[in-house]
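We just call them A, B, C and D in the order they show up, numbering each chain from 1.
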């Protein structure tokens, strides 16, 4: 910030900028400031071509939804921050909608009223319908063959209830505490990146709905909105956590952590399952559709093509992060530290022994290592191992995320020992489809499901949701999702069926 | 009844009624009587809009199939029972059929003759074909993702027979006793609500067929026909049971129970799996189609939209019902008490210890808590637990319901220890498609299947249908039904298949 | 036979016959003889209507393929055998082909050449293509939901090989002995009924091919060709077995058994899984298509509609047959007795103890009790039980039938202890599609598969095909076939997918 | 070679050749030499017809891709090597493309750019799209019902990871050694036949890419390119192995082995799972499409039709090969001997005891015995048995091939004890679609996947990829692939669904 301020007085006209529109000299405008990105072109994780498209022009609209607000200032040396645009030189451009934007708008017109959404699945259906392709693909994609992503959801289906009858369930409650902070339901809004892809208000939709519904939000490192904006949108007493990607540059991380603690953040969730971001082919494929792979191929440019939106924004993440670094993190903050992305009981025990306040059993929504187990599948063995290691459950909490769509899913996790679950995609889908009202509706639906499920289970409070209330005997019998890529290449055996019409029309 | 009688002499013309056709003053006619429902509008579980549609008019046709006959008198204070309609003022209205009614009638014309129905599945197929949407959806829907509803049927497929050969099976019998009362087959007609949705005679179709076939009928609390009509349709010696939802107002319940016992009811099946009715999305969705959700949304009316036909009629059920209340029930009747909706062995043992005459292992046809286990799946562990608890099987009977479609299903349940099974939907489908003749046909089919199965099993009577005759080793390996909502939102991985036509027409 | 001879001289003209064309007086001609079937009409298992269609006419063409040749003489008292038709009165009728017959002929024209059939599946594909509906449905149908029929095939897929390498497999042999008689492959042609439905030469196709290929044929009781014709078609040394349905009239059975033994039959396979024939809905449904159920329904005729071709011809089977009757059978023949249709190890042991020469683990091709286990599934426990009971495997043989389509299936059965397997449908399909040449081709394919499989397994003779060569650990984990009737009635949950087109054409 | 040289001077004109164009006298030209194949016609494994098509003509183009270069000289006695074609007599023929060749070319034009291929599946998709039918079917086909072929891939899905977190994974390496020779990834290019079917450069594409990527290639006996060409294309230090089919004529084999050793081949992989080549129906079926089975059928020619491309070229393989022959092989070479095609732990132990340097757990890509287990499935029991037999893992290596498509598959094999895996089809698909660049791209993709997977697993080198990192508890629970031939013949039960439209259009 201070670095760029010295250039603030430097006034540049749009005409001047327009002259630097080549690979040899490439200036762009972002948020009214002018940057020289010529030397940065080959380093841009998303390839140089996408920048060159805006050489000499204002790139803000393209830049905004897929970069953290301070990405450009963090990545460019101060010397490349050239100055501010002369407002007088800016032509009042009538921003015309693209064809896709028009279609998105049209679909928003014809979507069903929010009240017709009866489940989180319904809301997701509408999101899939209205969202722009790039946004939908970025949010909905998983790693490789998406085995883990689908298993995350499927695993819940292998847990069945053992409901109890004849208990007075007039009043049922399902509030609890997470790290000592109250929540109206045993869930929190987990961190997800690039929130503005789905809605111009991005993560603020979540902040506002979280306040209204007594739910805790975890603020993502890769938010589209700035940390300050998100904190600013919170009510005075609203509890928020922070998700942290540790930067190769530890000073940056320290700055982030201290700022968070100072601003009142109540817990720090350090992501440990993403030393490198996973291959998400749906997301990666959008890139080709976008920038015209053929042309690019012909231009001879040698970009790293194994990149979708996610990877493009994550090159700062430090793959060297290890258990020793935890000590350093403990040294710079008093916030409770939770490891997000634990995938086996051994690491859960190590986290407890290392002084963490908890772990999230998570595989990053199936977006990292394909064939990583679902959090819910390993929950029973993690709980058993923690007990065996004499970890005090009152000072070490276990959360699970991934695949949750119903209150019944959450109650299964609670029955097996989870303090709460994290929910990510469903809430982004909700605001992508209906803005903040969509998130509120999702909360309403979950609350209604909780009430019903608690009554039908025969549990008046979460204390009564015990391991005996579920049958998890089949939990580890993973039902493998279909490998679509393999199956569609498999040439189906036809025998003579391909040659004669055995059905003879409708005769048989 | 006595409460309304004082108003009987008050004669009101249809013209007078017609003037009260607004939200501010809303009168309706039901069965020739005039009610002021203005104050009741906001309380109506189905929303005010559906009532306002009939403001100032006769609402009988809409009211009848989805309300117990005395619902309106029970819910409105006597002061709102305004009087009787002046018959002279009633215009002879030619009730024109709606478009849907015409289509239903047409489909009834073109349905296959009853004799072509070879299985209960066939009858259900015809029902699905002829029934009005609302009726089909109400009967066929299950809770949430309908996992439990489908599992109820599927579970039977995980039990296989071990047939014995070379036994003289010239004569095979499959009659038995339920609570000491004879039945020609080890089954009873279980209680289901809103019988008139499928056929104008509603539950009477079942009463009549039960008499002819020597089968016991359980009368539902939420019948469309009145209790007296159903009892009246029974033959003098016909055995009937009563299903009971316990009312928040215990006096109402006591009145119902005493009336039942007095009228000769032989057993009281207390529903314990429904302190709140489940979310059945197919049913809930019909509501939107019906009343025009868009308009309603715009009207700003704040109805609870999480309601289908089922929930709309069940707000009286007492969620506080608990084991202590059982003592009270025992105190008001000498009828044997059976708990309907037991879902784990612990509660079955408690029921036996509490003095009940039996339990129905049931999850309410998959209409309550999704992921509740099927009755047949838990039957073996329930039988083992009862034996372990020294419960005398001659004085405590275990029944199962849900998912039964074949006599072979029933024989599997009997082999594993059930005294009989309850069958609900198949018989309603039968009369919805073909009236009483349909129910008789269903009984014929089952009888024919029983005879064949007994012979092929090598069992001459139900005593010979023993646990050794089935292989239930795979019973607990639940095969998860497909989660359609999740799968249809999942964006299938396509790779390059979406881009090139690998099949090249019919070449490969 | 002797009974009808006294009427042989009675000459009747077709004109005379034609006058008896009503329900009150109904004469028909079969094979040039005139019968009065008036009193038999209500007893006809297939219903009276189908006979009335031929009242006063020649019914031979309809009668032939679905009745054993002597059915009419066995069922009608001699007094109803009226005489022989006056040949002079018979008009030379140009038998015009029906529309269906024309289509069958056309399909035979367009079927692929036999040499293109590479597997038994291919041959079945052609059969399904060319056969008349009634024939296809009769052969291909199974009981109820056809779970057992499909499981019969599927069960083989749960057995995998453990092939051995580096054995000299230049010469491989797979001949063996069945009841001491040589066979070129470890299989026999099992009995199936109504052979002429598929081909005018019926079972003779099998007899001739069996001779050429060194395979043993089991002659069915319900053959379309007469026993004498089938024996007559055999070569002098050709070994044949007889399948036996025991008649309620034991004299008939005794006559059949003695005739068989006298004619050189080498083994008697007593069917024990069919005290009553099963419900095969595909077959039953054909009846309605055939005789016009609507008209019949209107005629008020009260036929037993639970009958297809199979049941119509089987009413003579004695359901009282039991272990005691075995002694009587032993007393009337010296042929080895094998029980066909054993479905549990207990009965296999009893058969051995009773002096039988073997058992066929069979569920009648899935045509009797649905959910009976497949023979191959119970083979291991049967072999273990026989060993435990000290049954001498050299004097008691175990066969399996049902679901076999590949030599690899057969080798799995052999590895697990079966002496041979029975194959039925595939060979009927073979001659239905291509006559005797089809059966020969099927034999060639199996032989080719045997040679390859033996080599690749590393076994030079069947002695080397041992239990260690297969992995049957998953054999009892039955993979339930789909219940199509249930699933097609299930109303798939759609959520909002039914309302909006989430795919937006080809965009995603 | 020496045998033909004596005829080299014999000059023959194309006119002379053209006169020998009948079954009675049939000459053909291959690579400029003239052969009299009249007496060979009935012996040709592919049938005489295909040769007669080229009687009197140049057959080189047809001959090339499906015969090893020296097949004709090896099979014809020297007396039939007539001489060389007079170059002067050869008309400059404008080789016109066939219709199929044109379509192949067109599809190559319209295929996606290589950079869009994000996985090996994508590359296979393009191969399936561009390849000629015969080539695609030859490469992609498996034995019988292709159960084993599909299981090879599916088995990997039953192994899930147990990733570790918080390890410094800045640098990850996945190089290793195979038989002491370095490889950049734990994989080698395994031998596959008929490489020119996919691309004119055939196996040379693999040689060149292997050199560039530091990967070892195994040269196939049945290569389309000659051994010398393939060796010649290698860089000086490039390590290559040789796959060996042992010939009935041991002198031929000895010659091959000595030549290989002399030329610097580093390992000899003796194929032991193919004493006879399997039945691959897709491949076999192409033959009929090719030569017009109808005509052939009518010609009365009695060819062995149970032959596809594979079997046609493999008649020389010796089915007598056995453990004793190993001694002889050890006697003629010092190269390490590896058995390729071991399918049970017993044979793996025997191989170790016999002095082999390793085994490949393989079922020949699912192209030999259907229902042979996948290599990866038996890997754990093989490793356990070797350990139990005290086999020194440093001197005996275990490889696995079949079904590999992702680096994650390979890491699973490595975790369970494999030294490396063999990859065949994916690389042929790669060059069939894109030539050598395709293979390079496949290598790039795998390398990228390795890097990511290692990081996300928390393993810095292959040493850290241990059995504890995978969960193979479900590995032996084989999920049976669908038997398409059986299922398409199965007549689906429809009940009354075939008769009425229960869906009523879009109403429900």
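In the analysis below, a contact is a pair of C-beta atoms (placed from the backbone, for glycine too) under 8 Å apart; a residue touches a chain by one contact, two chains touch by 3 or more.
The chain lineup, named per UniProt: A, B, C, D = L-lactate dehydrogenase (cytochrome).
Bear in mind that the values here come from a model prediction, so they are computed numbers and not experimental data.
For the sequence-identical pair chain B and chain C, determine the rotation angle of the Cα superposition and round it to the nearest 5 degrees.
Between chain B and chain C, the superposition angle is 90 degrees.
Averaging each chain's C-alpha atoms to get its centre, pick out the one most distant from chain B.
D
Mind checking chain A against chain B and telling me if their interface is mostly the same residue numbers on each side, over half, or mostly different?
Looking at both copies, the contact residues mostly diverge.
Averaging only over C-alpha atoms, locate the centres of chain C and chain D and give their separation in whole Å.
43
Tell me, which residues of chain B touch at least two other chains?
Chain B, residues with two or more chain partners: 112, 116, 118-119, 121-122, 125, 128, 136, 145, 281, 477, 485, 488-489, 491, 495, 497, 502, 508.
Contact residues on chain C for chain A in the complex?
103, 107, 110-112, 116-119, 121-122, 125-126, 128-129, 133, 136, 495-497, 499-502, 504, 507-508
For chain D, which residues count as touching chain A in their complex?
113-116, 118-119, 121-122, 124-125, 128, 136-137, 140-141, 145-146, 150, 153-154, 157-170, 281-282, 405-406, 408, 412, 448-449, 451-453, 455-457, 471, 473-474, 477, 479, 484-485, 488-489, 491, 498
Please output the residues of chain B touching chain A within their complex, sorted ascending.
Its residues touching chain A are 144-145, 147, 272-276, 278-279, 281, 284-285, 288, 293-294, 296-297, 305-306, 319-323, 325-326, 339, 341-344, 346-347, 368-373, 476-478, 480, 483, 485-486, 488-495, 497, 502, 506, 508.
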